[in-house]
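Below is one structure. I have some questions about it.
Naming follows writing order (A, B, C, D, E and F), and every chain is counted from residue 1.
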Amino acid sequence: MSVKAFENIFTRVTEELAHPNSYKALYHERNGSVPLPSNEVLQQIVELGRSIIFPGYYGRSCINATTLEYRLGVDIEHLYSHLVTQIQAGLAFSGFEEGLAAFAAYNKMTINAEMLRMAEDRAAKFIERLPELRRVLTTDVVAAFNGDPAAKNYGEIISCYPVIKELTVYRFAHELWKLDVPLIPRMLTEMAHSETGIDIHPGATIGEYFTIDHGTGVVIGETCIIGNNVKLYQGVTLGAKSFPLDNDGNPIKGIPRHPILEDDVVVYSNASILGRITIGKGATIGGNVWVTQDVPAGASITQKR
Amino acid sequence: MSVKAFENIFTRVTEELAHPNSYKALYHERNGSVPLPSNEVLQQIVELGRSIIFPGYYGRSCINATTLEYRLGVDIEHLYSHLVTQIQAGLAFSGFEEGLAAFAAYNKMTINAEMLRMAEDRAAKFIERLPELRRVLTTDVVAAFNGDPAAKNYGEIISCYPVIKELTVYRFAHELWKLDVPLIPRMLTEMAHSETGIDIHPGATIGEYFTIDHGTGVVIGETCIIGNNVKLYQGVTLGAKSFPLDNDGNPIKGIPRHPILEDDVVVYSNASILGRITIGKGATIGGNVWVTQDVPAGASITQKR
Amino acid sequence: MSVKAFENIFTRVTEELAHPNSYKALYHERNGSVPLPSNEVLQQIVELGRSIIFPGYYGRSCINATTLEYRLGVDIEHLYSHLVTQIQAGLAFSGFEEGLAAFAAYNKMTINAEMLRMAEDRAAKFIERLPELRRVLTTDVVAAFNGDPAAKNYGEIISCYPVIKELTVYRFAHELWKLDVPLIPRMLTEMAHSETGIDIHPGATIGEYFTIDHGTGVVIGETCIIGNNVKLYQGVTLGAKSFPLDNDGNPIKGIPRHPILEDDVVVYSNASILGRITIGKGATIGGNVWVTQDVPAGASITQKR
Amino acid sequence: MSVKAFENIFTRVTEELAHPNSYKALYHERNGSVPLPSNEVLQQIVELGRSIIFPGYYGRSCINATTLEYRLGVDIEHLYSHLVTQIQAGLAFSGFEEGLAAFAAYNKMTINAEMLRMAEDRAAKFIERLPELRRVLTTDVVAAFNGDPAAKNYGEIISCYPVIKELTVYRFAHELWKLDVPLIPRMLTEMAHSETGIDIHPGATIGEYFTIDHGTGVVIGETCIIGNNVKLYQGVTLGAKSFPLDNDGNPIKGIPRHPILEDDVVVYSNASILGRITIGKGATIGGNVWVTQDVPAGASITQKR
Amino acid sequence: MSVKAFENIFTRVTEELAHPNSYKALYHERNGSVPLPSNEVLQQIVELGRSIIFPGYYGRSCINATTLEYRLGVDIEHLYSHLVTQIQAGLAFSGFEEGLAAFAAYNKMTINAEMLRMAEDRAAKFIERLPELRRVLTTDVVAAFNGDPAAKNYGEIISCYPVIKELTVYRFAHELWKLDVPLIPRMLTEMAHSETGIDIHPGATIGEYFTIDHGTGVVIGETCIIGNNVKLYQGVTLGAKSFPLDNDGNPIKGIPRHPILEDDVVVYSNASILGRITIGKGATIGGNVWVTQDVPAGASITQKR
Amino acid sequence: MSVKAFENIFTRVTEELAHPNSYKALYHERNGSVPLPSNEVLQQIVELGRSIIFPGYYGRSCINATTLEYRLGVDIEHLYSHLVTQIQAGLAFSGFEEGLAAFAAYNKMTINAEMLRMAEDRAAKFIERLPELRRVLTTDVVAAFNGDPAAKNYGEIISCYPVIKELTVYRFAHELWKLDVPLIPRMLTEMAHSETGIDIHPGATIGEYFTIDHGTGVVIGETCIIGNNVKLYQGVTLGAKSFPLDNDGNPIKGIPRHPILEDDVVVYSNASILGRITIGKGATIGGNVWVTQDVPAGASITQKR
């Protein structure tokens, strides 16, 4: 192919791709000068969060009793300032996507100022929840240790286990979800999904002492409600069976459509539990089964062969 | 262990590992001075591709109507030049592995020049396909949105959903596969496999409006043919049941051995569909089932319990 | 929220998180001045290992017959020195977690010196095993090639296949496990688990010519014993069915509780094989089945529908 | 020293350094949430500027006639957006240091908005000057080439010569200085001073076809005025001789106190020219001399020995 | 040149350079396993030092009254731990170079432990000096501001002026010099020399309110003694005139051989003051002069023309 | 300024800068697809060179007698391959600038192949000179040590002294200069000029046991010839006095115009020696003098006052 021939292709393709007809559904223009949320900064938020929750395990510092408070102070300050920029970015994105309805009466500068104020407010509320988040994550570490004979000590679980990496992110994301932060919670859980193979929607509600063994392939849907002391194995789906469409044929958003697991439920590998059904307290779901109806408390379901 | 004792081990092990008897099956010597394809450059190719297809979502730029064309021009130029080096590297690798049969008549410099010419030609043809690739990926975004009640808008899908990350890479890799580019297509899909848990062979043929929910554990084999409007859930295998061996006991390459899914098929989580069978138009395959025979159009298969 | 209000939250949260009541189960203080094992250095260990085993495929060098030995010498020296620091870190961590029982009689400087001596000793023993590790990994490359009609040549398998990435790490980690190195083996296999979706416990025993197709979701437990020529597909679990608790209700560590797979066994996708059962030589386990009892040699188990 | 003894030092020193008495003259608190100008971003501004002025010499792109405009568009957009953040940072810094007099009537959000507007305005005016800046820098390249028998071609001068690196930065900084941008111009020229050893104050006025040979140790003061076709050698000082103090004994700012060099002046190595004197058109100042009085046009001053 | 011919060169040159005859004077073998001091870590020490002395100007943090102490605590802890590793490295280097005389009675592990103890001790003593270092550097900022009519405020001086960059490093290095730390002080001042063009030997003694204008080319020798309120201009040398040789013809180390400048001395650009002479209180040395004899208090020396 | 107004500026400026009239003297288009020499790769060449010449001082490795040869082999291989790409880039640049006269008869691919062959040839010849380069640099280390009473040992000189950093680069660059490598030698010495403040033209000829004390501001011109045992102090210029112009008024290239310094000459700080004059064996030139005529052997020149 001659240089000239390539330049023709180059010029034609560039023009074609720059034409609104080509990009219209796939294009994001910044709202004001606020950029999109950044995967790099969100990754730092995750690392700061792990460093704060599990002092000495994550983060670069040589922590001891004297220096711990200094390190926490600096990490929390960084976490807060990163959260402010990212929540503001999420609000800007959301306003853009949703037609700026919430912002219609404002001019550009006032919008940016208002979004900054909202972001600072929500970030501060998130910071306020850190001690409770650490308390609940402690129960998850205990559950992972008690549930795995191969675990040698809490330290091994905090250092290596995918379930703890996942739950730290999920519990952070769920807190942001409750604060009506757009986009960020979902980006966070997808980052952890990629790292661990566990896909928990930030909208799901999960009790204490929760654990997942191995974890690859686990899916927990947006409207799941999970009690305390629940244990899942790898490949478990807590999904929707079907969902109603609106008059345009689009799925109706926000309807409860995922299972409820009461306290003390165990679900073995590759089981699929689908729809707004209830798995009763203490029930056991065997591996590789397909469950679409309520299971009574204490029952045990296994695959026929 | 004394320093002397370690030095003995060190010297002995180094010599042993440097002996051709040790490394012969596992060793790659560069063909000419052309290095192997680089995972780092392939990662940049993926990022440039995402940045071109979804302007404003990926890439560092603050894009608007005025600057979009400049940004596209620069990204396409970069994509082209990276493709040239990587396709050339793939050709050099392939020549090496396959005994340089195609190149036997040439001397070293002529080979490099010829491979460069071939690489420029195929890279230009790939660039020419970008507008069509964007058009098809738009249908995938629409399918993902329509298939998930938890999705708030196209932007969320483009930013976070593993299926879109995977399909962007798969559709690029499939295009390179059709251009007879060696090794690169497979490296690209394995990179996306690691990121998303979805393993689509670049040789598979997939129609428009295709989506995969959650995705972890999905496998789509080399000779699959998938129609339009197909939806898969996590853990679905579209695999081979068995494969004939040649007289040396090695598998025969290239025989159709994976399923055909016609338009409008849905396959639920963890189902395994194996062999060159056909799942008819509009059929539904339930979760956790094992299917090795044709399924008629419109049928519904579910696990017995 | 006023600046003052946020500063109150900030100060209160920092104090609360710095209080021993909050962090006590989740806190790691360095033993001596030895830091925790580092994921970054472990990643370099993995890359050096791949570069040594598969010369020319990994690593930055332009290797040929003249320069191969120099490159191997430098890589082995780096591998050794990284192993020394990481094994020492693992020993320090382990001593801390386990109450320093083994070190009770020593003062701090002597402990560090003794741990360094132990680390140098074990790292040297690991280096000594490299030629044997390469020999066994060669059989794994052969098995992957013979088991996949889509594979074009050994080079493609070494460059892209997740099973080879995983097995290189697993076989390294298993060697360190046998040398009683704490924590590191588990960190290594979890890194490979995140990369490939395959979770092999470093304690598992696996024969030669082993392969896993696709791999996402595979779990192989700590006390598994796997013979030669075994092949697994994606989503296979070789897990524990249940485990006895001690008087405090904690799982008893170290009891054999995972399956034994004899030579020539094949297990298809998403099958779960649980408990200390034996799958006899040459048996075939179909996809999506749930097996909790011995399977005789040569038998074939498939899902009922 | 015992651990306890060090912890005492650590705690005491930290408290002492955190006490306002210790840090008061040396402390910068952000004005609003605007950070200080960033050396890293300023470095990028310099690199973008060089890439725009000298296309093909700097920057990562493979530029040709077809792609040059795309690359320029992207670089100019980046330059503009970096300038906006840095000018805003400079304004915020300046407001803080100067008691916010200019901003006294505003609340915090309005100040940020107003500073952003001012920054956008000045950055745009700077962008408008780029073609003129390139035109003048072309004359400097010509002067450097004509003044050095060792130079082989313009390309060598653009690639390597410190004078061109310095003048590109100085001419950018001087333009920002004329736009009343605080702090940034000075930071830019100090960065170039560190790189080249040439210290030109951004306030100095310098004509066309200006060159400096070698350059290390050259100093050109804030109120210098330099005509066209002037050439300096290394180590030349164009400085102030003395400066009047105000009633508090502080130097009075902004008084003309540096030399005027008319067209066609040459100053040889290590000469010092001090005070508001005039070196007449075409004069030559020999090396290592100390000049504090007017020199007539065409004269030649040399060191006595 | 044929491949074979190059391989011959390669092999021959490698062997020749690896022969002790070739490298013996230029080779450093690590003492124990302690590496050489690291320019990268020393650079971090400089940055931490600047961040501690000038809070808010350097370092990444968004500092305010609430968070300043946390940030200082973390920075001081980092500074201490980097100093410990680098001082230990300096001691190991020095022991090696000086024949390990001081360590002759020890075995390797005891030496490492003893050097660590010495390093911890000296690093702690350095930390203890930080408040005094900040106090003296405050006087240098004041002197720079009072001495330059072009300076707008302290912030500009702290952000940009080479003299402050240099003096921060020199005053740190001088403190380490007084603590008998080998090699590191010299490495630090050479790093600052490269950055600023100012070369101050860490052994020089310099009073308060010291400043250097512009600075490129200034040299201040090892045994200089400089009073308070002294000001130098660029290119000034405070050097040795000659130095006595020992019987082997080598210079005798440590003899006072550089000038003494009493309080309130000013030295203009490119002046050279050489030998153990005294420049009396309040004297002024004009530019470009060469001074090798005592100058009385209050005198003024200028170049003849 | 409205968004619209800025977009107008942006579009107009981009078009203006993309017009050939604007960029013609300042534009570099790649010759073939060969990029310009890269400062980053040249920096790596410098670091590899320092690592090879001074084993154990530079480079990341923990070198001892066993591993030194491996490390040298790898470093020399890297150095060679970087030199090949950079020399090829220099040849491509030079061909472009000089009108491709040397290449007029070739087509593009043949040119690239021919330039590669030339680059491989010259790089191999450079590698062959490494042992001699190390031998001469050893004499420079000795001279620096003998000339500075402040130096404690060779190690300090190799680690910190700017003269050794500079001379390593100069002696490499001079070797490339003798091999007729275009552009690269000059880029290398300008990199060292920026680092050390010492500006030695790669064309200068310099004998053994050469040293420069402190060094900032030293200039050594293209046609200088310097004997053995010569010592310079900071700020010394060995420059041209004037140079003849050709009929077009451009300086005539390549005429000897810089001084000859015979063996054992010492030049003190800030002296300027200009023109093709000879400073006789053993002469001493005092500081701050201006010399434009021959100085007889053994003479001593000092500044009058």
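Methods note: contacts are C-beta pairs under 8 Å (C-beta built on N, C-alpha and C of every residue); 3 or more make two chains touch, one makes a residue touch a chain.
Just so you know, these numbers come straight off a predicted model, no measurement behind them.
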B-F against A-B, pair bridged by the larger set of C-beta contacts: A-B
Which option, B-F, A-D or B-C, should count as the same interface as A-C once over half of the contact pairs match? B-C
Distance from chain D to chain B - Cα centre to Cα centre, in angstrom: 51
Starting from the mean Cα coordinates of chain C and chain D, work out the distance between those two points in Å. 55
Where chain B touches two or more other chains simultaneously, the residues are 10, 14, 62, 67, 69-70, 72-73, 77, 197, 216-217, 235, 270, 288-289, 303-304
Let me make sure I understand the interfaces: which chain pairs count as touching? A-B, A-C, A-D, A-E, B-C, B-D, B-F, C-E, C-F, D-E, D-F, E-F
Given the complex with chain E, which residues does chain D contribute to the contact? 1, 5-6, 9-10, 13-18, 22-23, 25-30, 33, 35-37, 93, 96-98, 182-183, 186-187, 190, 193-194, 197, 199, 201, 203, 216-217, 219, 221-222, 235, 237, 239-240, 243, 249-255, 257, 270-272, 274, 288-290, 301, 303-304
What residues on chain F touch chain C, complex-wise? 61-62, 67, 69-74, 77-78, 81
Okay, in this complex, where on chain A does chain C touch? 52-57, 62-65, 68-69, 72-73, 76-77, 80, 120-121, 124, 127-128, 130-131, 134-135, 137-138, 141-142, 146-150, 152-156, 158-162, 195-197, 214, 216-217, 233-235, 268-270, 286-289, 302-305
Applying the document's contact rule, which stretches of chain E touch chain C when the two form their complex? 7, 10-11, 14, 66-67, 70, 109, 112-113, 116-117
